[in-house]
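Shared between the two complexes below is chain A, which has chain B as its partner in the first and chain C in the second.
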Partner chain A sequence: MGFDTATATAWITTANAVVKEDEARLTALDAAIGDGDHGANLARGLAAAVAGIEEKRPETPGGVLVAAGRGIVAKTGGASGPLYGSALRRAGKALGDTADADATQLGAALEAMLAAIVELGAAAEGDKTMVDALTPAVQAFTALAADGAEVAAAAHAAADAAEAGLAATIPMQARKGRASYLGARSVGHEDPGAASMTLLLRALAEVTA
Partner chain B sequence: MKKLINSPDTVITDALRGMAAAHPALEVDVENRVISRAGGPAQGKVGLVSGGGSGHEPLHGGYVGYGMLTAAAPGEVYTSPVPDQILLATQRADGGAGVLHIVKNYTGDVLNFRMAAELAEDEDIRVVSVVTDDDAAVEDSTFTAGRRGVGGTVMVEKIAGAAAEEGADLDAVAAIATRVNERTRSFAIALHAGTVPAAGKPGFELAENEVELGVGIHGEPGRERGAMAPLHDLVGYALDVIHADLPVEGNVLVMLNGQGATPLIELYGAFAEATAWIEGHGATVTRSLVGNYITSLDQSGFSITVTRLDDELTRLWDAPVATPALRWGR
Partner chain C sequence: MTVGIVLVSHSPALADAVAHLVGELAGPDVAVRAAGGTDDGRFGTSIELIAAAVREAESGDGVCVIMDMGSSVLTAKTLLEDLEDEDDAPRVRLADAPFTEGAVAATVLASTGQDLDAVVDSAEQAWSMRKL
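This part shows the complex of A and B:
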């Protein structure tokens, strides 16, 4: 099975459900080193993403991600709104009008997602941001896709890599976002953006399995 | 959590309905969350738009009016507004001479305002953005997202607003705003964190004998924790940090600001200490504000903002202003 319109829709719907379920945990992570609104923001954003898809009823997986991204930008605010919104829009555009993306095409879309976040947030690996979860995930996904793996196997590896990337943010000192103001005091905490990104990638693995 | 609210979901809508009822000189679009001057922008004058998370009242909606902002976009509590909302505020502020965006240096504010500025340019509204970053608590280096924009934003909005009211063009208004920002530094100390309604508990915990030094305006913790001390020492600490970053000299405007839950008796006490410190260092306090001007919900504590004045900035500060939270000369 590839990544078609139904799978793309299921990805966003599942992401909405798991973020809603983990809203309190994300907010607690953010309260420790940021300002404690990440869970509530992203839950609002993903609910808007689902509403955007229902309203537009896109006919391609790319269209689904573009509609989801637009919904997030329009309702979220904060830093996570533009970052997640632009990321999904860019991934959707990278898919073009493909009706059923294979692992290579979806890998390219995830690369476009990472590029959007790096560009907008001006963050690099090691800054203690969502980039630290997404970068190893994209690398794992595209490496498996290049070896001829199916979407499901690549997505599973990507979610595992994101989780490892998330764990690696704990000893890091933040250099971007509000956590950066804490300096050395940001060390010892999971980054909330990397945590929510990991949830999204785990949701992708779930719906493609 | 004990708060005077109907529910965490309606906090902002309820406050906007109240602003609409209390201030007929404002046009409050409750549904789209934009506060603008009733009667629309003055034609041929530069519009000023600011915005950011709610919870900092009177910033920014309370500064909409003659001589200050043309429109403001309040986001969710502690969360920046969204691009569509900022675009709408920009459209309502455009009198044909372009619009200045005054943006506090927080990642979310900067990103959403940047996206909104692009949308406005698509509609042929010229936008220039000035990012305020007056917080002396944060080291401005490649290892942070840069210094935060905090209390200095009030000074920038007032002085740039006066320049726009006089008919200065967009580039000139932006240049004044930039100059005020460069000549301004702030530092904040918190005794207790505020409580975001949706979270239901304080953003951080402090023991009875602790204070948060260099705290931001979203309850985000400061760079270090210190021991509670008499007012004299706390004010001295704050001014030492400001002075080390930008020497306090000449004629200065001082804002002694409460963070939302600090009584005026304490703020006036702090202002007395600040004045003594500044005069003791050979500078003169020629203009002042004491009260709640940029708050952090119900956080307790204070911030000090110092702007080094010159003749032009003094004149523009003294120019008439008529907004819900700042009003003189008119």
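This part shows the complex of A and C:
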């Protein structure tokens, strides 16, 4: 199975459900080193993403991600709005008009997603941000795709790599966002952005399995 | 015609207050608009509020946007990307400037009829104006 319109829709719908379910945990992580609104903001943004898809009824997986990104940008008040919103829109544009993306095409879309986040947030690996979960995930995905793996296997490896990347943010000192003002006090906590990114990638693995 | 100024803050009250302050300094010829908080009045930023403020502030000479930090900056950058896809988009530049001092510098220069680049430069030079 590839990544078609129904799968793309299921990804965003599932992401909305798991973020809603984990809203309190994300907010607790953010309360430790951020401003304590990441769970609520992202839940609100993903609900708007689902509403945007229902309203637009896009006919391609790329269209689904663009509509979802627009919904997130419009309705998420914090930094996660422009970051996730731009990421999904850029991924959607990278998919173009394809009706059923294969692993190589979806890998390229995930690479576009990472590029959008790096460009907008000017974050690098090691800054204790969502980039620390997404970068190893994209690397794992594209490596498997290059070896001829199907979308499901590549997405599973990506989610595992994101979880390892998330764990690696615990000892890091934040260099971006509100957490960076805490200096050494930001050490010892999972980064909330890396945590939500991991949820999204696990959702992708679930819907493509 | 003068360059318009848009002030983006997480706080509606802060954006409004700085807009009011610089409006007093600049006089009636400069369009200064506040875009603070989310679309439902919470702390945060809203791309829709910023886009509306930019359209109101644009009189044909462009708009200088000044942000406070964090998501204000990211949301304003996202708006620029959106505008690239539009045919009749207003000319917008983001100033990398301290919020209050940059807003004062930009508005005062805009009131003299200088162009958008000069207004943005003036806002950015506010970093180097020492108080003590």
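In the analysis below, the second predicted complex is superposed on the first by the 209 of 209 C-alpha atoms of A that agree within 3 Å, B and C clash if a C-alpha of one lies under 4 Å from a C-alpha of the other, contacts with A are read in each partner's own complex, and residues count from 1 in each chain.
In this text, a contact is a pair of C-beta atoms (placed from the backbone, for glycine too) under 8 Å apart; a residue touches a chain by one contact, two chains touch by 3 or more.
Values in this document were obtained by computation on a predicted structure and should not be read as measured data.
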Clash or fit (per the criteria above) of chain B with chain C on chain A: clash
Touched partner set for A:Gly36, first chain B, second chain C, both or neither: first
Which superposed partner A:Ala164 touches (first chain B, second chain C, both, neither): neither
Partner chain(s) touched by A:Ala47 [first = chain B, second = chain C, both, neither]: neither
Touching partner for A:Gly81 - first (chain B), second (chain C), both, neither: both
First, second, both or neither for A:Ala143, with chain B first and chain C second: neither
Which partner, chain B or chain C, touches more chain A residues: B
Which superposed partner A:Gly121 touches (first chain B, second chain C, both, neither): both
Touched partner set for A:Arg185, first chain B, second chain C, both or neither: first
Residue range of chain B overlapping chain C upon superposition on chain A, of 78-86, 204-212 or 258-266: 78-86
Common ground on chain A, meaning residues reached by chain C in one complex and by chain B in the other: 37, 41, 73-79, 81-83, 120-121, 177-178
Parts of chain B lying in touch with chain A, wherever the complex brings them together: 53, 75-84, 106-108, 111-112, 115, 137-139, 142-145, 148, 196, 198-199, 203-204, 216, 218-224
Chain B partner contacts - residues on chain A that touch it in the complex: 27, 31, 33-37, 40-41, 44, 73-83, 120-121, 173, 175-178, 180-183, 185
Parts of chain C lying in touch with chain A, wherever the complex brings them together: 37-39, 42-48, 70-71, 74-75, 77-78, 81
Touching residues (chain side chain A, partner chain C) in the complex: 37, 41, 73-79, 81-83, 85-86, 120-121, 177-178
